Amino acid sequence: MVGGGTGSFIGEVHRMAMRLDNQIELTAGAFSTNPAKSRAFGAELLLPSDRIYDSYVEMIESEAMLPEAERIDFVVIVTPNATHVPIARAFLEAGFHVVCDKPLATSLKDALELREIVQASGKLFVLTHNYTGYVMVKEARAIVLSGRLGKLRKVVVEYPQAWMSHPLPNEGRPKGPWRADPAQNGPSGCLADIGTHAENLARYISGLHIAELCAEFTSFVPHRRLEDDASLLLRYGSGAKGILSASQISIGHDNSLTIRIYGEEAALTWRQEQPNELRMAGINSPEQILSPGHDYLSEEARRFTRLPSGHPEGFIEAFANIYREATRAMRGDTPAVECDFPTVDDGVEGMAFLECAGQSARAGGEWARMPKL
Amino acid sequence: MVGGGTGSFIGEVHRMAMRLDNQIELTAGAFSTNPAKSRAFGAELLLPSDRIYDSYVEMIESEAMLPEAERIDFVVIVTPNATHVPIARAFLEAGFHVVCDKPLATSLKDALELREIVQASGKLFVLTHNYTGYVMVKEARAIVLSGRLGKLRKVVVEYPQAWMSHPLPNEGRPKGPWRADPAQNGPSGCLADIGTHAENLARYISGLHIAELCAEFTSFVPHRRLEDDASLLLRYGSGAKGILSASQISIGHDNSLTIRIYGEEAALTWRQEQPNELRMAGINSPEQILSPGHDYLSEEARRFTRLPSGHPEGFIEAFANIYREATRAMRGDTPAVECDFPTVDDGVEGMAFLECAGQSARAGGEWARMPKL
Amino acid sequence: MVGGGTGSFIGEVHRMAMRLDNQIELTAGAFSTNPAKSRAFGAELLLPSDRIYDSYVEMIESEAMLPEAERIDFVVIVTPNATHVPIARAFLEAGFHVVCDKPLATSLKDALELREIVQASGKLFVLTHNYTGYVMVKEARAIVLSGRLGKLRKVVVEYPQAWMSHPLPNEGRPKGPWRADPAQNGPSGCLADIGTHAENLARYISGLHIAELCAEFTSFVPHRRLEDDASLLLRYGSGAKGILSASQISIGHDNSLTIRIYGEEAALTWRQEQPNELRMAGINSPEQILSPGHDYLSEEARRFTRLPSGHPEGFIEAFANIYREATRAMRGDTPAVECDFPTVDDGVEGMAFLECAGQSARAGGEWARMPKL
Amino acid sequence: MVGGGTGSFIGEVHRMAMRLDNQIELTAGAFSTNPAKSRAFGAELLLPSDRIYDSYVEMIESEAMLPEAERIDFVVIVTPNATHVPIARAFLEAGFHVVCDKPLATSLKDALELREIVQASGKLFVLTHNYTGYVMVKEARAIVLSGRLGKLRKVVVEYPQAWMSHPLPNEGRPKGPWRADPAQNGPSGCLADIGTHAENLARYISGLHIAELCAEFTSFVPHRRLEDDASLLLRYGSGAKGILSASQISIGHDNSLTIRIYGEEAALTWRQEQPNELRMAGINSPEQILSPGHDYLSEEARRFTRLPSGHPEGFIEAFANIYREATRAMRGDTPAVECDFPTVDDGVEGMAFLECAGQSARAGGEWARMPKL
C-alpha cells in the first residue's frame, strides 16, 4: 500500500475490504511521504520493519528484488489525486499489478498516458469505483442487460453530501485539506471527488455513454477555490437523456448516492444509503423491492452476496467485492475481461467526463461534446 | 363552473374541494361545449335546469341578469388551457371573481393581457396551483421565512409521472386527448402540465425567482408532438441554483412532485405522495420528520389542518385550502393580499417560465434569461 | 346529527365526510345537551332555526311530524359512548336509519338489546368503523378473499397513540374529559376507544373471529382510572393466532393503526398513516407495494377511489366511503347486505371482544373465551 | 474454531468478523465431527495441517501442549446448541477463553453449571448475541442510560422471519436440519433460535429484567416438532410491560428484528434491516432519525463506528464489534467488566427465559414467573 496512513479514511477502508475474504494479506507499504510517519503506521499494522518503506520509490526497488513468492503481488495506491499517475506508472513499469483510488488522474492527458502504460505493461489496473460492488447494483446491471427495462430513456443520478457546507478546518490555508487545494486535488472539486462515482455508477448499470453535456459549477462557501456543487444535463449517444448532480453542500445528506434509470417498459431506483433495496417498477404492476439473498435474483447478484437475506451488507462488503474480482483476475484462472471490476478505461472515461464538464462550466454552461477516447 | 363535465378528472376535484368546508355551493354551470352534454351533466349534479347553460357566454349573460343575492359569486374555469384567457376575461369583465385552472394561458402575451384585465376589473383571480395548499408546504414556507435555513443555496424540484410512457389512446388522432394537441394545450407539453406546478411550488416555498435557465426537452414516445420530459438547470436572481425536472415517461412515479431546498444552515424535503411528512435536516443534528397537528408547527401550518395528528389529509384537502383562502378574500373581511392563494401574478410568472424554457430548448439548450415582468 | 358540536373532533369529520360526495345534506341537529350551545352551533352550520333542536327527543318528535320528503332520512349519533344505545333506540323506533359512532355501547348486554331493536325495526344501522373505508383496506380484504395468502396463520394488529402519555387537562376532575370517566366512557379505556377499531379492522380484512384471548391492561399515568395500554394474545377459531395491542402512551405515534396478516403463501402489511400503500410479500418473490388508482387492483378497491393514482386520499375520504355505502343501502336500489359498511353485528362483536378482554385482564391475564353471539 | 465448516452460515460470519479489525488470526480448528471434512475445510482456510484437528478433544490436547506464544488464545464454538456446554467446559477447564454462539445451552440447569465453571476458571466467556454490536443499538442503550426516555413503560420487540414458512428440505427425516430436531436443538424452536436474540437485545438496551411472562407457541407447519411462532406478553420487575414475538413463518420478513422502547418522555425504534437508523420521538417535538458518524451521538456509539456517516455498516461490522470488545478484555489492559460484550450471565438469563416461556406455553399460556438466578 502506498499512502493510507494516519488520518486517511479510505486507507483503512481498503485494508478492511482486503481482509474480509481472506484472500489478500497486506505485507508492505509506504504509508506517508514522511518516513517517520510511514514507519510508525506500518508498525501499528504489525508489518515487519523491512517491509515498511520511506517512499514508494524505495518500496518498488526493494520489493522488486525480493523472490517472486515473497514480494508483493500488487500495490494499492491511496494518495492524493495528483500523485496517482506517477505512482501507478512506476509500479506498472516494475511489473506489479495496481489497485488505485479514483479519480484516476487530474487530467485526461495523464489518464490517456496511463492507459498506454497499462496496456504496454500487460498488468492489471483496478480503479476502486467501489459503489459498483454493491450486490443490488450488480442486480440492476443484470436487469438492464436482460432487457427488462426496454430501451433506456432517462438516467437521474445524484450524489449529495453535506460535509463541506461550512468551511473545513484550515480550508484555504497552507496546511489545509488537500481536497480543497487544486494543486493536489486537480482542477475539479466535488465533481472529481464524488461526481465521478456518479458517472461511473450510471455507466456501469446502464451501459450508456455520454455524448454531450452542460455543466453548472458553483462554489457556495466563500473563498472556496473548487466547486462544491455541480449540476449537469446529459445527452447520451443512444438518445437517452440524463441529469447528474454532485454536491457537498447539501445538508441532510451524508453520502446519498442515488440512481434512477427509466426505460420504455420499467424503471429502477437504488440508493447507496439503503444499499440492500433495489426498487423496480413497471407499467400497471406494483412497485417491487428486491433485496439480496433471494433466489429470484440474477446469478450475478447472488455471486456477490456473503450473507443470507435480511443480514445487511454495507460499504465494506461492496468495496471487498472489487477486490474479490481483482484477485480472481490476478490469480489468472479467469480471463480478466470476465472479471467484474473497474479498469483504466473507466478511469479514462471518468477523466474525459471531468474535463468536458469543466470546459462546459467555464464557458458559462455551454453544451460540450465528450472527447473521442 | 365552466368545463369539468364527464371525463374531467379535475372538474370533480374542484367540486369535492369546494364542498369540503361547507362555504361554497355550486349553483350554475356550462359543463361542455356540447350543450346536450352540459345539460345532462348539470342534471347529474342536481342543478336546477335554468342554471345549466349551453355555453359560458350564455352563462355570463343569464347570471349577470339575476339579482345579486342569487347570481354566482365566482366562476371556476376547468377547460383546456387555450380557452382559459378568453373565458376568464369575459367573466371578469362581467364583474365576477374567477378561479382558474393552471397553466394560466398558452402564451406570456395572453397572460400579461389577462393580468391587466384582472387589475382593471378589481375582481379576484385565483389560479389553482393546488400543491401549495398542503399543510406541510405551508410549514416549509414558514420555515424558510423564519430564516432557519439560512441563505438559500439550492433548490431541487422534480415532478415525475409515468402515465404517458406509452402512447395515449387515440394520441395524435383528430379526436385524441387535448393534452397532446398543441392547438388546445399550447406549445409546451409536460412542462406546461406539471412543470409549472413544480416552478410554482419552488417559488412559493423558497421565495426565489428564476433569472436564467437552460432547458432540455425530449419527446420520447414516437410521433408525440409535445415534450414528455423536460430537464432544466436554474440560476436564481439571488445567486442560488436549481434543478427542475418534469417528466411523464418516468415509470414508477404516479404523481411524485418532490422538492428539496438547501440553505446554509438547514434543508427541507417534501414529497407530494407522502404529503404529511416534511423532513428537516441541520448540520450535526438528527434529521427531523415534521407532521401536521402538532404544537411545534408554525401558526400558518396549523391554520390549514382539519384533523388531529396522524389522520392523513390528502390531495382534496390541500385543494380545498386554496378555496378556503379564496373565499376568505371574496368575503372581503380580510384583505386579499393577506389571503394565501395563487394569483394572476403567479400565472404570469409561470407563463414567462414556460416561454423562457421553450426558447432555451428550441435553441438546443442555450441559457435564456427570464423576461422582465 | 345528535352531538358533534363545538369541540367535537369527530362531529366535523362526519360532516366533511357526508359532504364529500354530494349525496347527503345535513338538515337538522341537536348538537349539545345544552340547548343554547346546540342552537349556536346549528346556526354556524347555517341550518334553519326550526331544524335546530334542544334535545334529541325533541328532534325525533319534530322530524317525525314533517312530511316524508322533508324530514331527515337518517340520524348520525356522535355522542359519548354511554348514550349511543338510548339515542339509537329512540331513532330506530321512530323509523329512522341510524349512523352511530363506535364503540356501539358500554356493555355487551346493551349491544345485544340494540341488535334486537335494529332487527325488529327493519331500519339500517351503520357503525362508523371508518378505517375499513380505506381503499387499500378494501384491496387487502379482496386479496384475502381471493385466496392469494393461502390459509391465514397469524394476525398482528397494533394501534399505538401518544396523546395520553401525560395526564390530560383536567383529567380526573369533575369537568374533565369524558373519555377518562368510566361513567361516560364505559369500563374500558384505550381498548374501547381504539382497540375496537383494531379488532374490527383485523376481522374485516381477515374474516377471522376470535375464540379466546389473554389480555394485559395497564394504566401507566398515575391516577388514571381506565387502562391506557392493552396487549392481547389471540386465538382465532380457525387455528390462526394473533397479537393485538392498543396504547395511548406510545410516544412517537400519532395514530399508527397497523396490521400485518400472514398466510401460508403470502402476507400483507397496511399502515393507516401511509394509507395508500399496501405491502404484499410472497415466498421467493420481491415485496410489492400496491397503491390506489391502478388497473392491477381488485374491482372492490377501484370502486372506492376518487382520484387518479398518486393523488393521496386520506382519512376523510375513507370515512366518506362508509357513508357512500350507507347511502347506497338507504336508497334501497342495492340490497343492504351487498353494501359494504359496518353494522350492528360488528358492534356486538366489538362489545363482546371488549367484555372478554376486560374479564381476562381483571383475572390477571387468564385466557378467556369469547361469548356466543 | 470448533464447528463452522462447510454449509455453516454462522461459521463464516465469525471468521469475517474476526478478520475485520486485524486483531485476530484463525490458527487452528476442528470444523466437523467428521475428521475428513474437518481436514478438507481447514485446508481451504489455508491452515497448517498440524493445526487442523479431528475433534475438539484432540484440539484441546494438542493446543495445550504448544508453547503459550503459539497456542490459541481462545476458541470459537459454532456447533449445534446441545454441544455448546460440553465443548465450552472442556476449553475453559484447559485454560482457554471461549467465544460461543447462542443460545448458551439447551437447559437452564446446564447453563447454570457452565456459569459456575466460567467463574471458577477465571477465563472469559463471550456469547455472540451479535445484534448488540450495532452502533445504533449502542446509541439506544446510551440514550436509555442517560435518562432521556424517562422511566420506561413499554417494550415491543419482534423478530419475524419467513424461512421456515414451508417445510425445510428433509425436515423431520433422520438427516434433516439440526434446528428442527429437539435432540440437537433443544426443546424450543424459534424462541431459542431468534427469540433469545430479541430477549437479549431488549434487556441490553432497556436494562429491564422480565419478572413474569405468558407465552403462546405454535407449530404452523404440519409435522414440525418445535414451535415456529411464539408470542409473549411480559411483565418486567420495574412495572414496565412488554410484547415479545419471534416467528419463522412470517412471510415478507427476512430477518426483521425490531425493537421499540417507550418511556414517560420519549421513545426509540430500531430495526435490524435498516441498522443505521435509530428513531427517537418525544412529546410535541418532531421525530428524529439518528445515524452513525455524527458528533451528536454518545461516545459509546462513536467508539464502535468504522466509517464516516452515510457509509452503511452492516451485520458483519456489528458482529465484529463483539469481537473487538472481547479481544480488548482478553488482552487484559481493560477490566473485562468495562468491556461491552455478552457474557455467560446473559446466556443464563436467556436460558431462564426459554425455560420459563416453555413452561408457560405448555401450560396453555398461563403466566409463569422467571426463576431466581
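General observations
As written, the chain order gives the labels A, B, C and D, with residue 1 at the start of each chain.
Quick note on the criterion: contacts are C-beta pairs under 8 Å (C-beta built on N, C-alpha and C of every residue); 3 or more make two chains touch, one makes a residue touch a chain.
Because the structure is predicted, anything quoted here is derived from the model rather than measured.
Across the assembly, the mean Cα position most removed from that of chain B is the one of D. By number of C-beta pairs in contact, C-D leads when C-D and A-C are compared. The angle of the rotation superposing chain B on chain D, based on CA atoms and rounded to the nearest 5, is 180 degrees. Rounded to a whole number, the gap between the C-alpha centres of chain A and chain C is 55 angstrom.
Mean C-alpha position of chain C lies 43 Å from that of chain D.
Multi-chain contact residues of chain A (touching two or more other chains): 253, 280, 287, 291. Remark: chain A residues 153-154, 156, 162, 165-166, 214, 216, 218, 220, 229, 231, 233, 235, 241, 243, 245, 247, 249-253, 260, 262-267, 269, 279-283, 287, 364-367 touch chain B in the complex.
Within the complex formed with chain C, the chain B residues making contact are 9, 12-13, 15-16, 19-22, 45-46, 161, 163, 253-256, 272-276, 291, 293, 306-317. In the complex of the two chains, the chain B residues touching chain D come out as 280, 284-291, 294-296.
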